[in-house]
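Both complexes shown next keep subunit A, but they swap its partner, so subunit B is in the first and subunit C is in the second.
And now, the complex of A and B:
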């Protein structure tokens, strides 16, 4: 007998629009995920400008903006990597290497000062990407190895870090770091352009769709025809390029290839990206959030410096606490969405 | 009528895996405008065949012809680009991405700057999905949709890539009856458009409802191919199983023997189980040796009821007693100690640990019971494992084979063994035969029967009406998380069950004779 449930069903719509109550709560959840960091940034900045006269001054803001720029560029690449569900631990070392290479190269002109770090750091990223995408090694291990390798290369060209290459302050390259355009530092402009480009690429290009798809469900992405390996290779290459470029900019700003600043930057970058609402598990994220995350870290640092009596080491404690709160909130929001 | 044109054909296809001959010189032909059923037990080679057709595997021997020309697909991408689309049993889309993005991935409409044109994508997506009975906001993340609607999106995606061949691998396993009808509508439309459809399903009535031709595989070999109309249901089953027709007929379609001797005092008594939005005052009893079926449509609260009894779902209020003794609700350890075992619906995510061996999987839950002062005797485990592997006829190379390497049916048996090792008084079975092949299904059904005869109280949840009716002594019908009827004795028939569900679905106020509240 072929009686089935079909015969027993009385008319009802095939697919229900989720309940109004549910969808509104859902939307709030999504908003919190996207803009939670922005709200925190505005609140903390508002409190700080009321509490400290020196906070909301042009000089202080300018200083915060420029010093954020380098971490922001690194975080931009990291955003792409994390959305694919990966991680790039090498960016801190690559950043330093990029700075040293740029400073060294600056004696041969701006072109060399820019292209040399881009080529080397891009190559490191490419190798990371190939090992992760083609050889299917764990990103954590591959980029950890790259972090050590990049540090080793840097040490070998600086006599174990004893040699500091200087950038001629009158060169065009130095202007890239120290110059101003309409009263705003050039690095800030460059960062803004990179973020706008990054946002457009991520949201509006096919490559961007692949980045989300790979992080959202790699197997499904492959079955849907997305080039998984190529996408992964590209994001690590991009991350290496951006970290190296940020290092070069930093060298231009400081007028020297500093061999110590920047180690451990990968953790700040990851923190900024996660605080900005990108899921560490991949598949969801926004470059704008990462920018907000970077600014939030910098503002917290600045506020602690303003307090003065507080040891600046506490900045890391506060940043760490913030990260924990964000990750807990993400898990909670995530669970909430699943329940609905 | 002229014979429809061949679109995709393989001849003498052979595919070997280490130690296994997965496909042995198989021929298969998909024709334009024809819905071709591909059937066989799990392990018969259906999946391997599909994977060869879609470029996932490469054949060791044999020729593939596509649209009249020899072809070889290096990757799934190449097969897709050529016009062969596949939708899989599990929805293979990106849950966090919007519905529209999922639908248009890699085919997004672009504006003059080469950027994705979201407005056009959204209107297009909305228009396309309306044809599939999906009327949601396409900007929402895919995961906000029900599984059925997600499957429809996957289907829409598969079809809209200008497909010549659409391969569907158990597309209805997560669909509600209504959605199945929508799916059939889409399939009919595809047939009219001259697209070749390959349809894989374990559900007989679906095959006969929609398919034109059938190919039966068994143990990697082609055993039958031809028009479906020429093959009746019993013949088809006997072809799949390799059993004689008479044997199948004598034993019936399912392996249940029917009524059991039941005790008088209920072994399980669940009273007034209530959970906000999910369960409303559900009461039921199970006597020793009795199989109580839980009927109702998808989402009627069957799984939730079983989970609530097993302590896996916190309750607002309600009471569960086993053999007269109250059990703390909302605690699985308490329920297990009391003798309640639940075989969950989703064995992948809630049941087996694929990386562990058969032995470890069986011993997992029973470890505390088998241990003395926190130490477990290896010999004791070996004995239990051996007993159950033999009794349940678990087909594995040995107790140390990884469970992930077994077929679905054998995985289910391992799970069953795990819970039987606990020596339960009550066994809750949520879809125990879903997704396992016909042969294993019969074995599991027979096992349920035997367990009841041994005096276990069994709660059986199944979307397979036939299985529910033939397997149960009594059926409790649920709707929207409440008990709306109960079938006993001679009333336990498919007709009565469908009536009860239909009556329940009409409106709660309208209680008919078929429903005895």
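And now, the complex of A and C:
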């Protein structure tokens, strides 16, 4: 049900092939799709740093970088899911659950604080993947149910949200969130490492090629001998693991397992991935775009905060409108490329 | 399942069971929950309790009606909760001109949202999940822009509508029932209903048959938006307050659950309004049962998640046949 009529009729190229057909227009279209977000990011950041004195300061940039890190890790997992043509709506709740589990586990040491959320959130992702890949249920409904279930589990271990577990600020686990390496926050480093690994896996590994193949055309991938069900299961497990890990990092940064932040994060993650040039119909996408998408969302959020007179509610209006514009542009560009 | 001989005849039986579950499971579930509550729950069989349940189920049911249309057309509308919030903020803004004008303003707001998501889906070819997701974020923000915080709503007409009753039946339940009948009639007896089901069944076939696919799809989302706005207005009347931040949160989930549990397949082409009504009642009863037996709301959410997956699983077996 996620495939529109146009997609069903015209097959998409499995991997992007910028300008292979030689036409300059074709190349420009592909370029706009791949790097449009980067251009927008640079332009908006340039305008913002000229307009607001406090925008391009070290403190503000660092603040933006660290707060982007958590969403970026979630968006990384979402990128894999969306390239297979699926969607994961459970990441927001899984993120919160991961944070609460990490904060609760931190009293038993860093290992527990990291392994517990990874185990539980990975398991949720695995169940999602099995229901989607083996039982062939629609991804959005399965992950919607998982979103409810993860929220329910989170509420039941926090006394219906009344209990907030704290992280000892002197522990090694807290350093993972709050510490600095060469003047840059540890979460930023971790995110960078994860993204480089993600990019290499997606581009260079057999699993990565399977992810593209499954998203491009599932039947063709199966006929080619790609392990469709295993790839899909792995992708949702990965998404659960990364969302849980991001939640744990966030708990370390805030030094507590906050029970109210993070819901609705799936929207931001999906928006970031789509803005970054990954096609929602699957088969086409790249992780660096998602990183740019996350940064773009955070810069817009920061600019709206800088314009003090604007209510923070405008941020949602702008995000929604922005998502619409990007999706329209993407659909238009995508159709154009197919015609050419 | 204990011996192999039984196992051989199982597939056919199982498919039949799943089919039966999809068609009538929801009614069986409602009956079972009612019986359970009559026997085990204190003060369940009272007019007061039935009124409370009916009033609480009404907004979910009205939203679920629009959702059933969207799902029947092989789409989904995730923006319904935010449209309710937008409606409540518009009601609060226009209440000065009287409650009916406020209702009209809310409905127009909801229809504009539906027009927007419908156009994105029908003309641009955006997937329904994404188009309505964008609207979901945008409308919630817009509701907060119009009305930054909770505001009490003082209006006699609305208070009567929200809390009054005729012959012991709350107005809210009557309105919900009337709307359900209207939507059921639309689906079964009108051209629009037939076209909607044909598009849900196979959009390429509907297009080739010369049906006005785009117009019908836009109408579906306009209807869904209008119904969500009516639900937002009624919820405001019942609570006697406008809360743009939290009204309608997770409503899309409850509505989708009601529709899916009611036997409407996610693959489109079939809309079951009776099942949707029973689905909404089932969720309400499930929540009420768990609360009355001192189980926390977290248990309700986990139970709802399990019910959704079971319902979709039962529907899948049928699709395979």
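For this structure, a couple of remarks:
Going forward, the second predicted complex is superposed on the first by the 318 of 340 C-alpha atoms of A that agree within 3 Å, B and C clash if a C-alpha of one lies under 4 Å from a C-alpha of the other, contacts with A are read in each partner's own complex, and residues count from 1 in each chain.
To be clear about the criterion, a residue touches a chain if its C-beta (ideal position, glycine included) is under 8 Å from a C-beta of that chain, and two chains touch if they have at least 3 such contacts.
No experiment lies behind these values; they were computed from the predicted model shown.
Legend: residue contacts after superposition of the two complexes on their common chain; A:284 is shown touching subunit B, with no touch to subunit C. In the superposed model, A:315 lies in contact with subunit C only, and not with subunit B.
Contacts of A:146 after superposition on the shared chain: subunit C is touched, whereas subunit B is not. When the shared chain is aligned, subunit C comes close enough to touch A:131, but subunit B does not. By the document's definition of touching, of the two partners only subunit C reaches A:156; subunit B does not. Once chain A of one complex is fitted onto chain A of the other, the partner contacts of A:217 are limited to subunit B, with no touch recorded for subunit C.
Counting contacts by the rule stated earlier, residues 1-6, 8-9 of subunit A appear in both its interface with subunit B and its interface with subunit C. Considering their complex, residues 1-6, 8-9, 87, 131, 135-138, 140-142, 144-149, 151-156, 160, 267, 270-271, 274, 280-281, 311, 313-321, 323-324, 327-328, 331-332, 335 of subunit A touch subunit C. Only residues 1-10, 12-18, 23, 26, 200, 203-206, 209, 212-213, 215-217, 219-227, 279, 283-284, 337-338 of subunit A touch subunit B when the two sit together in their complex. On the subunit B side of its complex with subunit A, the touching residues are 76-77, 80-81, 86, 88, 91-97, 101-102, 105-106, 108, 114-116, 118, 133-137, 140, 143-146, 148-149, 152, 157, 177-182, 204-205, 208, 297, 463, 465-466, 494-495, 498-499, 501-502, 505-506. If you check the complex, the residues on subunit C that touch subunit A are 74-76, 120, 124-131, 133-145, 148, 203-204, 207, 250, 253, 256, 260, 266-268, 296-302, 304-306, 308-309, 312-313, 316.
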